[in-house]
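Across the two complexes that follow, subunit A remains constant while its partner is subunit B and subsequently subunit C.
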Partner chain A sequence: MSALPRPIINELRAVVGDTWVVVEEKAIERYLYDETAYGVRPQPIKDVIVVKPGSTEEVAEVLRIANKYKVPVYVRGGGTGLVGGAIPIKPGIVMSLERMDKVIIDSENMVAEVEAGASFGKLLEEADKHNLMFPAHPGDEGASVGGLIACNAGGSRAVKTGVVRSYVLGLEVVLPSGEVLKLGAKTIKNNFGYNLAHLFIGSEGILGVITRAYLRLYPKWGYTATVIIPFDSRVKAFRAAKKLLFSGFIPLALEYFDRRVIETSAKYLGLQWPIKEGDYFLMIMLAEALEDTLFLELEYLDRVAREEESLEPFATQRDDEQKTLLKIRSEIFSSLKSETFDILDTTVPLGNVDRFIENIIDVEKRYGIWLPVYGHVGDGNVHVHVLNYQGFSRDQLEKITEEVYNAALMLGGVITGEHGIGYIRRKYVKRLLGDTWIETMRKLKAVLDPNNVLNPGKVLPEE
Partner chain B sequence: MPRWGALNIVVLIKPAPDITKAKFDIERGTVDRSSTTLEINPFDLYAIEVAKRIKRLFGGTITSLSMAPPHAEPALRDAIARGVDRAILLSDKRFAGADTLATSYTLAAAIRKLGSFDIILCGEKSVDGDTAHVGPEVAEHLKIPHISFVIRVVDITRDRIIVEADYGDAYYTVDLKLPALIALSRPVIFKEEFVEPSMPKISDVLRAKRAKIEVWNADYLSDVADVGRFGLAGSPTRVVKAYYALEKGRMARFVKGDESIITLLNTLKELGVIQ
Partner chain C sequence: MSALPRPIINELRAVVGDTWVVVEEKAIERYLYDETAYGVRPQPIKDVIVVKPGSTEEVAEVLRIANKYKVPVYVRGGGTGLVGGAIPIKPGIVMSLERMDKVIIDSENMVAEVEAGASFGKLLEEADKHNLMFPAHPGDEGASVGGLIACNAGGSRAVKTGVVRSYVLGLEVVLPSGEVLKLGAKTIKNNFGYNLAHLFIGSEGILGVITRAYLRLYPKWGYTATVIIPFDSRVKAFRAAKKLLFSGFIPLALEYFDRRVIETSAKYLGLQWPIKEGDYFLMIMLAEALEDTLFLELEYLDRVAREEESLEPFATQRDDEQKTLLKIRSEIFSSLKSETFDILDTTVPLGNVDRFIENIIDVEKRYGIWLPVYGHVGDGNVHVHVLNYQGFSRDQLEKITEEVYNAALMLGGVITGEHGIGYIRRKYVKRLLGDTWIETMRKLKAVLDPNNVLNPGKVLPEE
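After this line comes the complex of A and B, so read on.
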């Protein structure tokens, strides 16, 4: 039972209705975790209640109450975050936006008006009915739209589409005071006032609660294909990837993985990786409005693959085969999760991806371990799994993590490209972002959230 | 001229809509095949794979036949990329509205038009129509032996094929004299090899893009068939009513407590699930 005083609970009940305030321990359990790797996941506090507002007005009222009593609020979407951003760590309120899941498609203007609790999958499904789509694809379709925006999610298509930020035309945000900010419009261009919406995109729930968004949609691509280029050496694979990227060729996705990683995922799914030759792979997804463009790109890929001494490349335009390939690629994370200490989200400048991976292999050799490496070579975002190696202490695992981070930093990279800081990367903020960044952020937060009720203990280091 | 022992292999390919995207016209009881792009029916991919293995053993030619609207052409190019040597599209407004009888009649006519053939392969059914009629009916029109639901090709020579078929109540091992029609299930085993559709090579995809697709119309088949038996005119089937399965939804019942096992057993007995 929550330690939150009964009068506060009653006030919350009066706002959202009895049904939507959850206090039973068993019912709360599923609101306590996200997808953060077990090794680094914070222990959630169980002394919370779950409140499920059904409208912006109710969100505002809940925040007013929380602000009045200075009760922490942890906003929750789909719970698919990887850095503990949604995990409550102080007694208070978990505010789940699951009831706010309306999606309205304005097909004439190619804009979606979406409530924050709607799942990404629902957005895609509704857009599809109008032959439209949301261009970026951050992976897990169970994520909420609010979460995608609050975390400025990325995904494998960023090389062509950019990240979620690029598609947010407008936002409705509730501040801890209960005031509602309406930002932006359905227009593509909008210079009427500084675009405050971007202040909240990627703020990881510490500045305001996103309740609604205007998202830019695109017509569905008419023609798609997925190409797999196998190589017998990693060096050749990266040389080919670089050549493609530096020639101005922009695919929908350009992914790298090796046989061991991809076969682990295929096996986990009960599938077989269909390419028998080669140990290193580039997976290239193409999406175009015109069929002729797609075929010109296929011809170009074929030519570069041969110039760079690949093994026989394969291509499919069938939807089911493309989905299977993508599924195997996407589930690498899940297939390794049970043995993962932490999944790293290192990102380096485009030209340094190959050097970064050579450095990772060096770490592997020195420790005699396997560091599964894969990722979005098209945008420099490379995921490295540090596993729970037998006989390794937590300190050693953290040291390996540090070494991977240092490898990225030395090459001008960053320690997270798409997952964010959340809880687990706060300890790096002071060293990597510096005191001035922290002070500026604190001042900003103090303006919007003077009582520090929104997602306390996340992003910013403890004072 | 085919070399000695080489086989003329025919594969029937249905360009079918991606069933997860196709729209259903519940009023008319039809699948709106114009609402989505057409791809090779997934079962037919296995027919292509088996055809390639037969060709590898004996040499010969793989010819695919499809009856579909003109926008099915990319599916035929995909067939070429996957190993078909010659792809023929039967396309004519007069073929439209065909039921399985008229479809199989038209395909059989096209096979006669091709001249000699040694074996016809197809998927056991299509994912949109789901009837499993067309393959066997083609064989009946041609008066050749046939078998459906084939899960394994045990052996094949130039004049015989031995297969295993799964008819639900039993597995049948059947020895057929060629020419014959084999409708394949999935997954399927060819001799000792587990057959999975393989992704096409990029070079084959590009070659297929430039390949010629032959289009045959009703007139072209008029010397081997009765044109009046094509399309809607040759289709005795009428859709009287179409409805979604599971109209009533699931009928879940919750049983609790000590009595629950007895209740569960009685219910399953009543429904005939157990005896």
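After this line comes the complex of A and C, so read on.
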């Protein structure tokens, strides 16, 4: 027996058409979860109606109906979030934007006009056809562009040109009231009332529904290389990373992982990790407009590697080899997922990345566990997996999570650099963000969404 | 006879101390104006009390008093704004943050901890002492850091690493209620409730008072060069600029100006513009961590220049020469100011910079006037001066302004890329931003500043 008001289904059908309102349990199943690790993800509510609007106007109508009945709306993109942000936890509407997936490349101005439901992969592909690129790479290419923006996604290739926020030139947002905000233009600079767009970027779907965006593209940097620098100690690897960052050298990506982690991923993919020496690796991705610049950077990396006592570095400019290396790096999360309690997203100030790792090693020793560590050392954003260790209770796993968080917090860091708060990190909000922050956020939420229909139970703590 | 409530002076004195409350007409004079061109700047109200708080707590107390009496507060930094944002237009308090000018460089993490009243010049100087840099350069070094953030300043060196928004890692903001928001951390990535900071960045002082910030610094790129490429036609210069931008080459700055403009500035400074050939110039600033990379870029620029039929390029790596060139470029505005009706801040999509220039030439021809044009062609942000042409009425000058705006708008541009709305561009808000945008902004303003004490009469149109 559904807790939802009876007439709502027919009203939704009248807006989007019968085909695009889904209520059958089996068909709904795949709209109930995201990529949040099993250990921490919330139990979804199955008493939901899945609605698939085909236009901004339909999104607006659905929100008007939701407001009329005061029914929650959980907006869904690619379902690749890691903090339960898209999981319905109260009876309501799951609004999937999958039909709104147009990507238009304005190559003349190097801008992509993208509907929110378009996949990140489609954006990359379409840009590539025009010899343009979207430099950031927040992992899973199944993510939707709307989701990337709503969550201000980051990823590995944010060192040179920034996280998703830096690419958003314009935004169309449907407010919970059904009104449509059109913000920004196709210009790189814009101070004509632009700040509103930035309120929605990273607000994790609690203030409005992003339906369309102008994204800045770059000319494809034709010359690329991937370099793997192996080390025989974790401390040496991090020292080298710091040296590179503090030298003013700006790669596209600067990643860290160890042999155990990367071989787990390679094995999961049925591939071989090609570097035989060393147990700790820096992976540097380079992309340049001039080939000679790339060569200079390769030489420079080689020099620094040797100064920092690396083992033999491996460099390749071959596309297929680079893709394989990135693939193995990108699938670390998937390869560990089945045994993962939670994937953490701690981020520390740049100068503290090496100290952070030492603290993690200390936690490992004290608990006698393996904490897989990898990530975006180039911006201080290091992922730590807490696994389902045998013989450990849920409380103990949460205690270990706290220890990792504290390791970051003590060094002036934050508990999430890119994944966001969503559902699972809400419990830390009261402790870590001041009352004034929470009160201000609540006030803004109440003004924009007076009936609290958008993603209720997420981001803000319970009152 | 003051319109301000009598007891307010004593209450303000009790908060900040007698020395820091100024009421004498002569002493107040220099707090009444900013750099807005004479033709368009509003007449300041002289019935104001200048208050100079020395701490965040004092800022909060001043705002509490202002709220108690419902008295306007005009927050003031360096007074370098160009749109009347800091000019008091109702009887009230001018709050100058000049005493809050500490700059602490955390070189370990490459972060500057800056009080809002510190000058931009001081930030540069202190960073330099630690071999670090703040790459953006929004013109006048007398600007305050708080002002740069409140107005999301841009400037010439935004091509490589972005406008001021991209550098703000954390923010302390005093809300009109006197509550203090502490947002962000010293990390490059942060998705733990960060979006609030971005609401205040670029809000031009109408939502809260920025008192302190964490700013991202970069290692000083040790190898720099400035290249001037002269052309015999404006069209060729813009075609070359577009070619560079679309090649994926990313300089620190890519500027345009013509001989008449640059010689006006050189003469104003008592200097000589050293390039004898050509009437139209691109100025490219390069900064790299590796000297050989710089050489490659210089070679590349030379090649493109010749392909695009430039005259003989001039390149220098000498510090003194580079400083002189930048000085002459930076003082264009000052050198024209006495004859300027208004300096415009039009910005167009990158692919349209050349068409925009053609439209400007067309306006010049139709009115038989000179429109000095220069600026940040590297991000589409081109400044146009409307001068006090002899025999032209105020209405005609405003008509010319409209024509320049229309030239940008028709090409998908905006009327301000970096200077903001302030007072003088408010009249365009209703026409150019939708009702929903204005209503949403009003609602947010009403929640944060229910008595409308912060910078009333700015940014938002009159109701």
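Everything below uses one rule, namely that the second predicted complex is superposed on the first by the 459 of 463 C-alpha atoms of A that agree within 3 Å, B and C clash if a C-alpha of one lies under 4 Å from a C-alpha of the other, contacts with A are read in each partner's own complex, and residues count from 1 in each chain.
Going forward, contacts are C-beta pairs under 8 Å (C-beta built on N, C-alpha and C of every residue); 3 or more make two chains touch, one makes a residue touch a chain.
In this text the structure is predicted, and so the values were computed from the model without any measurement.
*Asks:* Counting only touches as set out at the top, which of subunit B and subunit C does A:Gly77 meet: first, second, both, neither?
*Replies:* Touch partners of A:Gly77: none, neither subunit B nor subunit C.
*Asks:* Please indicate which partner A:Pro138 is in contact with in the superposed arrangement: first for subunit B, second for subunit C, both, or neither.
*Replies:* neither
*Asks:* Counting only touches as set out at the top, which of subunit B and subunit C does A:Pro274 meet: first, second, both, neither?
*Replies:* In the superposition, A:Pro274 contacts subunit B only.
*Asks:* Tell me which partner touches more residues of subunit A in the superposed arrangement, subunit B or subunit C.
*Replies:* Ranking subunit B and subunit C by residues of subunit A touched puts C first.
*Asks:* Taking the superposition on A as described, I'd like to know which of subunit B and subunit C A:Thr416 touches: first, second, both or neither.
*Replies:* Second partner only, subunit C.
*Asks:* Have a look at where A:Asp319 lands relative to subunit B and subunit C in the superposition and call it first, second, both or neither.
*Replies:* The first partner, subunit B, only.
*Asks:* Could you tell me if A:Leu301 is touching subunit B, subunit C, both of them or neither one (first, second, both, neither)?
*Replies:* first
*Asks:* Looking at subunit A, which of its residues have contacts with both subunit B and subunit C?
*Replies:* Correct list for subunit A: none, the interfaces share no residue.
*Asks:* Mind pulling up the subunit A residues that touch subunit B in the complex?
*Replies:* 225, 227-228, 272, 274-275, 295, 298-299, 301-302, 305, 312-321
*Asks:* Which residues of subunit C touch subunit A in the complex?
*Replies:* 106, 108-111, 151-152, 154, 158, 162-163, 165-166, 175, 179-183, 185-196, 198-203, 218-222, 245-250, 289-290, 292-293, 296-297, 300, 345, 347-352, 376, 379-381, 412-421, 425, 429, 432-434, 436-437, 439-441, 443-444, 446-448, 459
*Asks:* In their complex, what parts of subunit B are in touch with subunit A?
*Replies:* Contacts found on subunit B: 18, 21, 39-40, 42, 74, 78, 196-203, 205-206, 209.
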